[in-house]
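Before anything else, here is the set of structures, which you'll find just below.
Both complexes shown next keep chain A, but they swap its partner, so chain B is in the first and chain C is in the second.
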Partner chain A sequence: MAETVEDVHQLDPLELWEHARSFEFWFGSVQGYLEGSSYGRHPEVPEKVTDPGERDRLVTALCNYCVGETIALEGAGALIRVAPNRPSKVFLATQTVDEGRHLEVLVHRLLELGVRDPEAEIERRASPGLREFQRRHQELVRGEDWEAALFAQNVILEAMEFSVFHRHAQLADPRTREVLLGIVKDERRHIGFGENELGRLLTRHPAVRERLARVRRELDPLVMRSFEEAMRELGAPEAERSDLARSYLQAVERLGFA
Partner chain B sequence: MSRGEEQEDARGPGAGGEPEERPRRRFELDDRGFNEVPAKYRKFYRRPEGPGDKLGPNEVLCPVCKVIVRSPRELREGDRIYCMACMTRLRVTRVGDGLEARPEY
Partner chain C sequence: MTTDFLKGYDIQYWLESCPQGYLMDTEYGHRPGEKEPELVAQDPVLREQAVRTTVQLVLGERCALAASSGLINAAPDEASKRFLATQTLDEARHVEVFTRRLHDLGVKASELEDTLTSFANPHLVRFAETLLEVVDRKDFVAGVVGQNLVLEGMAFHVFEMMFAANQQANPKFAHTLSGTIADERRHVGFGENRIGGLIRQQPERKRDVERLQRDMSYHMLATFGAAFREGPRPDEVAERLRKAGVERSGQDSWQGVQLGEASPEELERVLGDTILKEFKLRLARVGLDYQTPLRPV
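And now, the complex of A and B:
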């Protein structure tokens, strides 16, 4: 690839398709927003969470985000083996790195907030719905069900995280905001990968749609309820909470699941 | 809005694949601080800037990741563009008086 690009939209689609799934592309992307940061934020950002109630609500939200990121970390890593081609395997390797980073920065934020044993705190505060989603997702991954596992992970889970983290960032203290916005930037690649892979697959194999529709009916209420609870805890208005799923619902509509 | 409109260009199809007679305007793209793709692609994207932010004739919103995709030339129905932030290939379509982008898997 040349170092200057006159018009990205005129580049060869096959070349771009593979390039956008490469570590070369990933390095150039994350460098733009992670360079100079430490644990997902700039070191000089002050701590503004002092109210005990606010701290407690934030810890609950972060614990549930850690569960979501653990699901995605384990899933992205395990799906490398069953991904259908080399560029997808390489992309999932980059996503695995992203998810590991997300978990690390969220746990670090818990430690900053005074949580002494993050693992125990996550276990104590995790939403039962999210745990059930984790169990079902692990079954899909263990069964090497590429389409269903990718749908659950990169469409249902990632799209909800994308919406919730983006909204939470607008309400959050400065440190949490910067950490969440960094995660949202990674999530753009993940939701795009999931939607594009599944969109192509469904075009070639429309019969898969009915099976994925069943997965959707079973799993997405679990995630929606969990994140809606998290946003209620954070004080988002009722009208906004019901709006949280919009980005996800638009994605499933584009894939033909409306 | 894009800045730096500089010349006209008659390339590319118009609505329905038919060439439009009016030449396309061209735009000099500047870096708008979008840092989520490698440096050489950054000028082709920007973030939405709130309710007063109007899209230019060379811009369209990516429906997948909500980033604004920019082109060095005026966009028209039928154009193919890329959102590198979410790796989606998009087709420009006309909806009412405006343009929208839809994924092309």
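And now, the complex of A and C:
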């Protein structure tokens, strides 16, 4: 394939933006870390989750991640119609398949953990905070307001997932860790696109900033509530929860929304 | 079982068969370094014909991209959403490779939208409007019938015919088409499997979906008919090739017809016969009866 870059995550933001909006680039990006893996991990990684309590907490966390990835999948797909130009549509198509892959590998992990009907289990264990976030996120995306929807999708939602998955990967069993780290690599590409796209827009149209700040003021409490629920299920100590919130806030504030 | 057949359409399978399979070592869908034949670039009639054809491909794929991404939100189960995610990326890739071909044919980026507008077939535009109205209503059954069975099921045969016609004359374009055909085959397979089950579960939908098929089929068949009536006749193309010293190999045969020698009427007839025969069989497999368009094509 053409235009293969050794490690896309080392590119500076402008270069990333120039490259990132094509199928060719997407393929070169994911090929490195997906080749030889099956459902997001290498087949030889052993199963270490044997304790019933640990398994149950992990299942709850994964079910909520599946809700997050479904929000992301539906959002990325819907944004394609709203995107203002062809390269952005192509990038969002690559993001759509990334989100679909994330959902698939998480569902596969649930099956490995013995969950027989993942769809029913996800429905049963989904946290109310995340469901409320889903409802509001769908309204924003369906409102066809490109800037607000992209901000909610590629900055707020992706930064939220990035922070949770990155943190959880440090505590997780080997199989879950590999799955989560593969997802995190994609999230960085998605956040990079959102930051670049919105950053350029804000330079040209500073008035957009206030509209995005309103969206953030509305979504932040829902994000924090979802974090609280997710970390409580994982049994994380209070300090870890604060770190997670800080990590999310830092990711979002890079755009200048202090 | 819905879940069982969808196992064959998951993203892991897609990754292994498509980007890590038949698209490996390709560049915008063709082999690295392949170029459009010089004759196509130099002869204004042949170039315009290539641009006109490629414009319809870009517009059809743009419609498919908007429809498949829009249907993700309407899909009733998580596995279908994931399949549609792969289809969305397939369609975006098709938009990319056919747009790239327009640039290879000399259409500048600044001229792209005007070129698309000036060569767009009005029937294809109307088809896209009809399909996207269904998608906007979040009607999954009608949307998949329109997208995966009517649009892709019919276009599939056109791509095969174009592949046969270009295998010798334009390997770059033929290779681009072969990857697209492989994708379309997967999309049509999903459409047949998924819709068959849904029609059995919702028999009350049969009548209105058949009506939609009738209207959409009209626009698709009219698009193909217009493609043969516009642009240079095959004998004119043959004469230009002969004058340029290009020998026809006689291997550009499809469904028993020599594509380089057939008249537009013959081409339209064989394409129409093939499309309709296969299309009727496909609809029958999902439990729908083909409805003949009300207006003559």
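Keep this in mind: the second predicted complex is superposed on the first by the 238 of 258 C-alpha atoms of A that agree within 3 Å, B and C clash if a C-alpha of one lies under 4 Å from a C-alpha of the other, contacts with A are read in each partner's own complex, and residues count from 1 in each chain.
We adopt the following convention: a contact is a pair of C-beta atoms (placed from the backbone, for glycine too) under 8 Å apart; a residue touches a chain by one contact, two chains touch by 3 or more.
Owing to the predicted nature of the structure, the values given are computational and were not obtained by experimental measurement.
Look at A:S22: by the touch rule set out above, it reaches chain C but stays clear of chain B.
Contacts of A:R135 after superposition: neither chain B nor chain C is touched.
Of the two partner chains, neither chain B nor chain C is touched by A:R232.
In the overlay built on the shared chain, the residue A:A251 is in contact with chain B alone; chain C does not reach it.
Of the two partner chains, chain C is the only one that A:E104 touches; chain B does not reach it.
Of the two partner chains, chain B is the only one touched by A:G32; chain C is not. By the touch criterion defined above, A:R200 lies against chain B but remains apart from chain C after alignment on the C-alpha atoms of chain A. The residues of chain A shared by its contacts with chain B and with chain C are 1-2, 27, 31.
Partner chain A is touched in their complex by these residues of chain C: 10-12, 14-15, 19-20, 23-28, 32, 65-66, 69-70, 72-73, 77-78, 81-82, 84-86, 88-89, 91-93, 95-96, 99.
Listing the residues of chain A that touch chain C in their complex gives 1-2, 22-24, 26-27, 30-31, 34-35, 38-39, 66, 70, 73-74, 77-78, 80-81, 86, 89-90, 92-94, 96-97, 99-101, 103-104, 107, 118-119. Against chain B, the residues of chain A that register as touching in their complex are 1-9, 11, 13, 16-17, 20-21, 25, 27-29, 31-33, 162, 185, 188-189, 191-193, 195-196, 199-200, 202-203, 247, 250-251, 254.
Every residue of chain B that touches chain A in the complex is listed here, in rising order: 35-42, 44, 63-67, 71-73, 79-89, 102-103, 105.
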